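Some structures to go through are shown next.
Paired with chain B in one complex and with chain C in the other, chain A is shared by the two complexes that follow.
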Partner chain A sequence: MDVVIWSRLQFAMTAAYHWLFVPLTLGLALVMAVMETLYVVKKDDFWRKTAQFWMKVFAINFAVGIATGIILEFEFGTNWSNYSWFVGDMFGAPLAIEGILAFFMEATFFAVMFFGWDKVSKRFHLASTWLTGIGATISAYWILVANGWMQNPVGTTFNPDTVRSEMASALAFWEVISNPVAVSKFFHSVTSGWVTGGVFVVAVSGWYLLKGRETQFAKKSMLIGAIVGLVGSAAVMLSGDSSGVHAAEFQPMKLAAAEGLENGGRRAPFSIVPGVKIPGMLSILATHDLDGFVPGINDILNGYTDNDGNVIPSVAEKMEKGRKALDALAVYRELRESDPDSAAVARAILDENVQYMGYGHLEKPEDVVPPVGVVFWSFRFMIGLGMLMALMLLLALWFVWKDKLENKRWFFIAALCCIPLVYICGQCGWIVAEVGRQPWTIQGLLPVNVAISSLSAGAVKTTFFLFLAIFALFLFIEIRIMLGAIRKGPQITED
Partner chain B sequence: MAGLLKNIGRFYRDGFKNQTWGRPLIWLVVLKFFILFAILRVFFFRPALAGMTDAEKSEAVGETLTRNHHMDHNNTGTYNLKD
Partner chain C sequence: MTYTFLQNYWWVLVSLLGGLLVALMFVQGANLHLGNKKLDKDQKRLLLNATGRKWELTFTTLVTFGGAFFASFPLFYSTSFGGAYWVWVLLLVTFVFQAVSYEFQHKKGNLLGAKGFRIALMVNGFLAPFLVGTAVGTFFTGSDFTVDKAAIADPSSPVISVWGSGWHGLEALAQPHAVLLGLSLVGLTFLLGALYVLQYVDNGGIRKRMHESINRFSIPFVIVFVAWLVLLILRNGYAVDADGTVVVQQYKYLDNLLQMPAVLAMLVVGVGLIIWGLVQGAQIESHRGFWPAAGGTVFVVMAVFFLAGFNNTAYYPSTADLQSSLTIRNSSSSYFTLQVMSWVSLLIPFVVAYIAYAWHAMDRKKISMDEIEGPGNKY
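Up next is the complex of A and B:
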């Protein structure tokens, strides 16, 4: 395998590892904040101890997950140096804000939350618990602003002198932070974290009930977990709908790959599995119109007219324009000092074709097609598992509400099985998002094979396996510490 | 102001000191930061463009982007591909 594949694998592994910790952090933050609110409102010490137990689990997850995202930034500089330089402040600014914000909010409120019981007022402590969760959520927003910009590079202009993407206007920063792709991605990712947190709390509570331990704690935790998880599930479905619409608008190839749609059209069917289709459903999901046109892979390759009447050129035409842009960039850079007039002509040609610049690096039109099988099946696993999680959470809520948890051994075991499944669901979502946008690091502007540093595959391979070993070790330690904490339990004396 | 800072410092110091189950986690975080910044960052993850000026970075990335696109220019506003 070449250096591009190894670098992508390494980045994918690091991002997937990072995403093992983030959703549980986001979900448990909400669960424990709700529990502590109940403690402050009801003045019932039971809720304080319940919140403290889930805070302990939160802390273990947080401690192992902390800084795993920093490794991604190391990789940007080392493996993806051309990309890092090319994106400039468009990508750097949101990440810098996230780093500073995360550090200050976490160092302040996380510390008050853990060290501040009985040292600060109840209300200040409660505010700190909420702000810890809000801080983590805001951090996620900035990261997803950066990611959203890669999927839909708004508010940017390419500077051929610096070879960097720069803010196009004074309002560009607003365009970047309100990028519709980033906004829907933020809601989709954060609320999927609530589902993860909810499923985790329900499953662990089910384990206590299975063992006949901590009954009151487990039932009440299950109730909160189920409510948080179900609110998350509903929000995931709504934000998933807008993600689909945005994919159709900004990344139609990703949608076509996720559907395995070779030839598109109006009243396009949604494929549940190969051979089982719901007529017209894809048009409704992608355009909110039964007669909406959804382009398939071949339409995108050959060119089509979109729902607004815009003629979208074929990939071959885009490649030609992209080559013109790159040619003009080369001439501009060669002549900008010796022959400013000719450089100005080249600059004009570059500006005219710059939106297709990335296509100039492609060898053949088919290079824009991502691995369809991977995206298609990841999409189905994500949706299928997401619905299974919602069903499990609904059952948990029903059983707790009706006080029918006696002899529900099958349900407790099923809930435990949902812990790995909810993680697989989240990972599949990211596979759809990231594999589905291949070959681009920045949609239409920079493909992966140009974004890469000039490194040897051997060097990347070495760090890949080094990471694999370190990640596996830390994950093993986390699971051991967490299982130990769960086995010990909340140690609440029950009436 | 000095009193406030002192109180904050004491709050953190006592917090760390009074940890029971949290103590191994703190050590775990310290170990992780050591591995990340003192080993991985220093020995394995040197930025590929480190040590270059901004102009040199622009040159290097520009060269990669236009690697196969060096042109002849005939001063008429048209360009012919050289290679």
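Up next is the complex of A and C:
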């Protein structure tokens, strides 16, 4: 395997691993903030102890989340050097703002939250708990602004003098931060974290009930977990709908791959599993119009006319234009000082074809097709498991609300089974989002094979296995410690 | 705001973040004291908890320092991170272990045992300042890389920044001048750690050991740092002509010091504050040496960055191709990006204010053995 594959594997592994910890951080942050608010409002010490227990679990999870976040930041530079230069003008800004606005908030108030129970006032402590969660959420927003821009690169233009995408104006930054793809990704990701947190709290509470321990703590935790999880589920569905519309608009190949749609058309069917289809459903989901045209893989490869009447060229044509752009860029850079007139001609050719420049690096049209099977099945697992989680949370709420948790052994076991499933669900979501947009690091502009660093495959292979060993070790330890903390329990004396 | 002003402003901010990062590496320095055999098990745990509520601040500053460099000088980020691969990966691995070591160290089922994680903290305590210092040392010694932006138009070899050495950054260890800065940083953070513990830990046994360390290591640290400084002002530097051409110039950094008296003043004041802090720390009854020394550290690091980048100097020189050297002008983000980020940077005082408030609230009472033995959360 070459350096591109190893670099992709390493980044994918780090991102997937990071996403094991982030959703629980986002979800538990909300759960424990609600619990501590109840403590402050009701002045009931039970809620303080309950919040403190979930904080302990949060802290175990938080450390590994932080540790893996920094690896991602560094890997942009270490493994994706060309990418870092090409997008640094746009991508670096959200990352720096994330650091200044969000990371410091998280770090500062986490310390107050975790160690400050007897050092600061009740209200300052409560504010710290909320600010820890708000910091994590703001952090998610800025990194998803950067990710959203990679999926839909708005607000920038290519500058041949610096050879990078640059912010077109100060106002263009608004375009970048209000990018519809970023906004729906933010809501989708953060609220999926609430689902993860909700499922986790419900399942762990169910385990206590299964063991006949900590009954009051478990029931009240389950209630809050179920509410947080269900609010998250509803928001995930809504933001998922807009994600689908955006994919159709900005990344039609991703949608076609997710649907395994070879040939598109109007009244396109939605495939539940291969062979089971709902006629017209895909057109409704993707365009909110039964007669909306949804292009299939072959349509995108061969060219088509979209719903606004725009003629979208075939990939072969885009590649030709892309190569013209690359050739013109080389000529422009060579002649810009010695022969300004010829350079101006080259510049005009470049400007005319620049939107397809990334295609110039592809070897064949089929390179734009992501691994369909992976994306197709990940999409189905994501939706199916997401619905299963919503059902479990609904049942939990119903049982707690109606006080029907007695003898619900089957439900407690089912809830425990949902812990791995909710993680698989989240991972599948990111596989759809990221594998579905291959081969692009930046949609249409920079394919992965051009985004890399000048490293040997052996060097990246070595670090891949180094990180794999570290990640496996940390995950193993984290699970053991977390299970130990859960087994020990909140140790609340019950009446 | 002109483009030049914004570029300079962001060099100042990156320098400030670099200074804060080194000052906050007192966490790493304090963790090196975990290897002090005269400290007993409980005292080591107290030490661990003293830095345990601050490590995230250092970690976050590192992340923000990296992010700010990426945002404001992306060509440095892409060239150095992609090129000096092993240095950055090594640094990363030590920080990753550090991040989990606090939480995992005294938990049952942690597999590596308390000692394993303590060793990880000490490895980070040495390597983090050493690698950061050595990497910054290459701002003056140069590195083996080329930058060719036209390469991206060549599908067969599209990478813009190419590192020449197969050691990918580790070759800096063969540059004595760069290594001296790395060792200086190890010494400085070690001493800052001792000063922090003196100021915020209430335990006679630990305080005694910290005084001993300060008395023993202050002079060697000053000698190593002064040696680095003397070599710096004697060495050739990398100057940038009016047309952007990079040339080697004799005594460039001495010239920079003399031509930028404010930077000279910062350096002198910074070194003075560090020495004052150390003198405070050396006195058995004193416990107020940390802040002067930390403030002095920020001044010194900023002065070092200013010497590297201002006064028409290439801050990341290439020994393979002089004209590939990175300067504040040729490696920065665009005007609009710097402008937007500059507006955002106005929030920094607000961020500093809430960190200061939280710090004060948490450290109002010194950490003591009673707290470690009490019912609250601890590492």
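The working rule: the second predicted complex is superposed on the first by the 492 of 495 C-alpha atoms of A that agree within 3 Å, B and C clash if a C-alpha of one lies under 4 Å from a C-alpha of the other, contacts with A are read in each partner's own complex, and residues count from 1 in each chain.
By our rule, a residue touches a chain if its C-beta (ideal position, glycine included) is under 8 Å from a C-beta of that chain, and two chains touch if they have at least 3 such contacts.
Fair warning: this is a prediction, and the values are worked out from it, not measured in the lab.
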Open item on the list: Both complexes share chain A, so when I overlay them there, do chain B and chain C fit or clash?
Closed with: clash
Open item on the list: Contacts for A:G88 in the overlay, against chain B (first) and chain C (second): which applies, first, second, both or neither?
Closed with: second
Open item on the list: With both complexes superposed on chain A, which partner does A:L326 reach: first (chain B), second (chain C), both or neither?
Closed with: both
TODO: Tell me which partner A:V231 touches in the superposition: chain B (first), chain C (second), both or neither.
DONE: neither
Task: Dominant contact partner of chain A by residue count, chain C or chain B - done: C
Open item on the list: Just to be sure I read the superposition right, which of the two partners does A:I419 touch: chain B = first, chain C = second, or both, or neither?
Closed with: neither
- [ ] Identify the partner contact of A:A96: answer first if only chain B is touched, second if only chain C is, both if each is, neither if none is.
- [x] second
Open item on the list: Applying the document's definition of touch, where does A:E166 land relative to chain B and chain C: first, second, both, or neither?
Closed with: second
- [ ] Applying the touch criterion given at the start, work out whether A:A346 contacts chain B, chain C, both or neither, answering first, second, both or neither.
- [x] first
TODO: Examine A:F476 and indicate which partner it touches, taking first as chain B and second as chain C; both and neither are also allowed.
DONE: second
- [ ] Based on the superposed arrangement, let me know which partner A:L335 touches: chain B (first), chain C (second), both, or neither?
- [x] first
- [ ] Tell me which stretch of chain C runs into chain B once the two are superposed: 6-14, 60-68, 78-86 or 258-266.
- [x] 78-86
TODO: Please identify the positions on chain A that touch both chain B and chain C, taking each partner from its own complex.
DONE: 56, 59-60, 63-64, 66-67, 70-71, 74, 77-79, 81-82, 84-86, 111, 114-116, 119, 162-164, 326-327, 329-330, 333-334, 360-361, 450, 453-455, 463, 466, 470, 474, 477, 481, 485
Task: chain B partner contacts - residues on chain A that touch it in the complex - done: 56, 59-60, 63-64, 66-67, 70-71, 74-75, 77-79, 81-82, 84-86, 111, 114-116, 119, 160-164, 323, 326-331, 333-335, 339, 342, 345-346, 349, 360-361, 450, 453-455, 462-463, 466, 470, 474, 477, 481, 485
Open item on the list: Taking the touch rule as given, give the residues of chain B at its contact with chain A in the complex, in rising order.
Closed with: 11-12, 14-16, 18, 21-22, 24-26, 28-29, 32-33, 35-36, 40-41, 44-50, 54, 57-58, 60-62, 64-66, 68-71, 73, 75, 77, 79, 81
Task: For the chain C and chain A complex, residues of the former touching the latter - done: 53-54, 56-57, 59-60, 62-64, 66-68, 70-72, 74-75, 77-83, 85-86, 88-89, 92-93, 95-97, 99-100, 102-104, 107-112, 149-150, 152-155, 158-163, 166, 168, 333-334, 336-337, 339-341, 344-345, 347-348, 351, 354-355, 358, 361-362, 364-365, 376-378
- [ ] Using the touch rule from the top, collect the residues of chain A that touch chain C in their complex.
- [x] 52, 55-56, 59-60, 62-64, 66-71, 73-74, 76-86, 88-93, 95-101, 103-112, 114-120, 124, 128, 159, 162-164, 166-170, 172-173, 326-327, 329-330, 333-334, 360-361, 449-450, 452-456, 459, 463, 466, 470, 473-474, 476-478, 480-481, 483-485
